[in-house]
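Please find the structures below.
What follows is chain A paired twice: with chain B in the first complex and chain C in the second.
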Partner chain A sequence: MLYSSQRIAKPYFIAAITLFTIQVLFGLSMGMQYVEISIPLISFDTARLIHISLLIIWILFGFMGAIHYIIPEESERELYYPKQAIQLFWIFLSLVIVTFFAYLLLPYATLAKITGNQFFPTMGREYLEQPTIIKLGIFAILCAFTYNMTMTVLHGRKTVINLLLLTGIAGSTIVFIFAFYNSSNLVIAKYYKWWLIHFWLEGTWELIMEAILAYIIFKITGDREIVEKWLYVMVAVTLTTSILGIGHHYYWIGMPEYWQWIGTIFSIFEMLPFFFMVLFVFNVVNCTKCRSSNRALKLWALSTPIMAFLGAGVLGFLHTLAPVNYYSHGTQITSAHGHLAFYSTYVMIVLTMISYAMPLLRNTVTDKIGQRFEILAFWIMTISMFCMALFTVIAGIMQVYIQRTTDINLPFIEIQNSMNILYWLREISGIIFMFGVIIYIISFFVAEIKKT
Partner chain B sequence: MNQDKVTINRSVSEIPDRKMAIIAESLYLLNLLIIPGLAFFILIWLFAKYDNATTMISGCHLRQAFSASIWAGLLLVLVTWVMLSTMNHDSPYTWMIVIPYFVICHSVLVLLGIMGLAKALAGKKFHYPIIGPSS
Partner chain C sequence: MKIFTEPKYIYYSSLILFICILLGLTIHTIVVLHQPEHLNNLTPQIIQGKLVWEENNCIGCHTLLGEGAYFAPELGNVYKRRGGDNGGVYFIKAWLKSMPTNIPGRRQMPQFNLTEDELNALIAFLKWTSEINTSSWPPSEKG
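Now for the complex of A and B:
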């Protein structure tokens, strides 16, 4: 670690892992309710709300930690406002804690009322459930964060990696403005909601992911030139495919029919960035000599593009084709894609970054025991998440078949009951995943800290 | 450091017949992704024409891609056809087996192809696990 302000990444990573654990716990509680085991005090809708919101928030914490770590090193200088970075962390964490308990303790309608949603209505949309005042807080945090990072880069060295990170965070901040527009017309409201959700997940966040992956591969191999060449290719492909790829969110919501063609064609091409990511990582690793002794890091870095290709690429491609989506829209297939895509792209890239940075931040680089635990955690989490997605896909196929292709008019809940065995298998996979998370956390405590 | 990098890059680009290896792996991927059948016929033609005339690297990739393409065809077309012709089309269980099988099998074959292409780009040999010839 070259710059003292890189240490600011540490609390962000700790918060990210803590929130990740809570998110998985709420996911498990929902899985329990699917198999009709009731959880006292936590209703399904509250658990779902927290599960989804925490997902976005903890990944944001992870990205902020990663960016705080990478930017000073790439810019060859300390952060422009180190104090502001740590203040932002505490403000952001406070907002998250307040929102978390508000979701947990108050009925959503009451929360909307006491936060003045009637005066400036922005609540009630999936992923954008936060009270307006919290959204304003998040926007202010993103603005301050972008400003700090921009000033750091402007006053330091400019590289492809830090400029791409800057593009990613500035883009994320700009599209967050759409969170404040909530039309009374449902079609228009949904249209603009996707300008935020889609452009975060399949646009700006993907750019951040590519930059982090490139940074890690550069650190493993030491060849900046070849990494930057590939980075240009991946960014070009991401931007050309993801912008019109938004069309796959416009099926069946009241938008013109041509979006089905645009959405289908560009969704096919949206696999390409993941294709190139796998090619990039394996090509660079094959062409250069590995410099890192961190086996866990290499495992995370090489597996992330492979899993992203499967989860985000293949599963995404499958059900974003309009003729397929006509049947699969809003079924368990969407849930399977959501789980595997999020895990394989954003969860894995944040954990890859943590795997690289935390040993340096905690002075445990030479530790082998912690790495062994981390590798074990990797396999448990990855295999169980793959199984979870597989069982959910199979449940989704059954759901589509019974609910949408036959003339059997069974009530929704009866169809759900017929998939009970698959929900059990999914829940068991989820419990195993939780074990993986626990082993991952243990890996930090068993790691031997080298005394300096 | 820079000298090492230049040496590695130069040595990769100077590997003889690396192009043929890249073409062979690309045709394997094209056969799976964009132009099934057509890409395979081009691969057959390349294999018939150049198999004995190529260097170690390109010969290895040509043989591996050719063999893997045949296996991919068997696994994706033949096995799926057998499953569909022996199972009841009116049962959801048929589709619960056939669709995940096809998707997983196809994805794994594509991933292996990408790794093969990465090796070809680096001018190194590659062996497809299970579906590639051992020599």
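Now for the complex of A and C:
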């Protein structure tokens, strides 16, 4: 670590891991409601609201931590506004805490009434459940963050990595404007909602992920030229495929039918960026010079692209083609893909970055015990998430088969109950995942801090 | 000509091309969406119904045209599934009023205490939604 403003990354990472833990707990409570209906501690819709909101927010925290760490080093200077950066962290965190308790304690309809949603309706859409005033707060935070980072890069060295990070955060901020547009025509509202969700998850966030991955690989190998060359390829493929890949969200929600062709054709190629990421990291495997003492980091960095290729790439591809999606749309298959894709891309890249930066921030680089715990946590989390996705996919296939292809005239709820065993297996995998998270957190406390 | 051979320029020009195609298709889509009579046929009641739908976080459990949570049934076609113009209104209204059923071993839907006005608006919205041309999705009436 070279610059003192890189330290701002630490509170961001701590907040990210804390929110991640809470997110998993709410996920478990939802899984319980799938199997054991009699003990709902919290209603399903509230739990889900918190589960998916926290997901987006903690990954955002992780990204902001990573960017606060990378930008000063790549720009070879301190942050332009170091004090404001730490203030921004506390503002963001208080905003999240207020929203969290508002979701938890108030009925959603009451929250909508208090925040005056009827005058400017933006609430109640998947991923965009935040009250309008909270959306404004998030937008302001994103703007301030982007401004600080842009000023830092403008007054410092410009590299492919930091320019790409800037593109990622500026792009995320710009498309967030669509959060404020909610047409009273449901079809048009859905059309523009995907401009935000799709271009974040399959556009700007993917760019940030590639930049972080490239930075890590550069830190392991020390070869900037190769990293930048690959980065160009990955970014080019990402952007050219994902722009029209948005069509795969428009198949069955009232759009003209040509979107089925456009979505199908471009979605086939949306696997390519992940394929290139895998090829890219295998350069490192073959690198003999680079002996990083951090074994956990190497494991994270190598597995992230492989898992992303499986979860986001292959599993996404399997149900993205319009004729397949006709049957799989809106079933447990979507849920399975969502879980594995989010874990393997964004969760894993943030944990990779934490694995690299935290030992430097806390002076535990030479620590072996902490790494052993971290590696154990990696295997538990990755395998249990894989199992969770697998059981959910099987449940999804059964759901599609019974509900959509046969004449068996059972109501939705009876079909769901017939798959109870799979939901149990999914819940057990989730509990094992939670153990992985606990071991992951322990790995920070057992680490030996080197006194300097 | 350097401009046609440099990878960087090929990349930039293809990027601009795709963005232009997206914008073009967007204009076309929005124009098309304004043509079918029913999509324009938004009464204040349907708009109010959409607000009721959103303010009670219905997508926290249900899907609407396949988007939302997968805990409870698809509601894009619920109006048709529950009898359409012959009884759909009464069925949905009675259903919403009788929640929660408290049948053990069954997922429970909360009681939202909607007013008569809100109920009618919500049902008008669901009726309007069931008439959207979804390229014959879902594959089965069961959702």
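Everything that follows uses one rule, which is that the second predicted complex is superposed on the first by the 442 of 452 C-alpha atoms of A that agree within 3 Å, B and C clash if a C-alpha of one lies under 4 Å from a C-alpha of the other, contacts with A are read in each partner's own complex, and residues count from 1 in each chain.
The definition used in the following text is that a contact is a pair of C-beta atoms (placed from the backbone, for glycine too) under 8 Å apart; a residue touches a chain by one contact, two chains touch by 3 or more.
Fair warning: this is a prediction, and the values are worked out from it, not measured in the lab.
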When chain B and chain C are modelled together on chain A, clash or fit: fit
Partner, of chain C and chain B, that touches more residues belonging to chain A: C
First, second, both or neither for A:T366, with chain B first and chain C second: neither
Partner chain in contact with A:S94 - chain B first, chain C second, else both or neither: neither
Partner chain in contact with A:G222 - chain B first, chain C second, else both or neither: first
First, second, both or neither for A:N417, with chain B first and chain C second: second
Touching partner for A:S293 - first (chain B), second (chain C), both, neither: neither
Touching partner for A:M398 - first (chain B), second (chain C), both, neither: first
Smallest separation of CA atoms, chain C relative to chain B, angstrom: 17
Residues on chain A lying within both footprints (that of chain B and that of chain C): none
List of chain A residues in touch with chain C within their complex: 30, 33-34, 37-38, 40, 43-46, 48-49, 108-109, 112-113, 117-118, 121, 123-126, 129, 182, 184-188, 190-191, 232, 236, 239-240, 243-244, 246, 250-260, 262, 326-327, 329-332, 334-335, 403-405, 409-413, 416-417
Residue ranges of chain B touching chain A (in the complex, touch as defined): 1, 4-5, 8-9, 12, 92, 95-96, 99-100, 103-104, 106-107, 110-111, 114-115, 117-119, 121-122, 124
Chain C residues touching chain A - in the complex, by the definition given at the top: 7, 11, 14-15, 18-19, 21-22, 25-26, 28-30, 32-33, 39, 42, 47, 50-51, 53-61, 63-74, 104-108, 110, 112, 125, 128-129, 132-135, 137-140, 142-143
Complex interface listing, chain A residues touching chain B: 222-223, 225-226, 275, 278-279, 282-283, 285-289, 306, 309-310, 314-315, 318, 390, 393-394, 397-398, 401-402
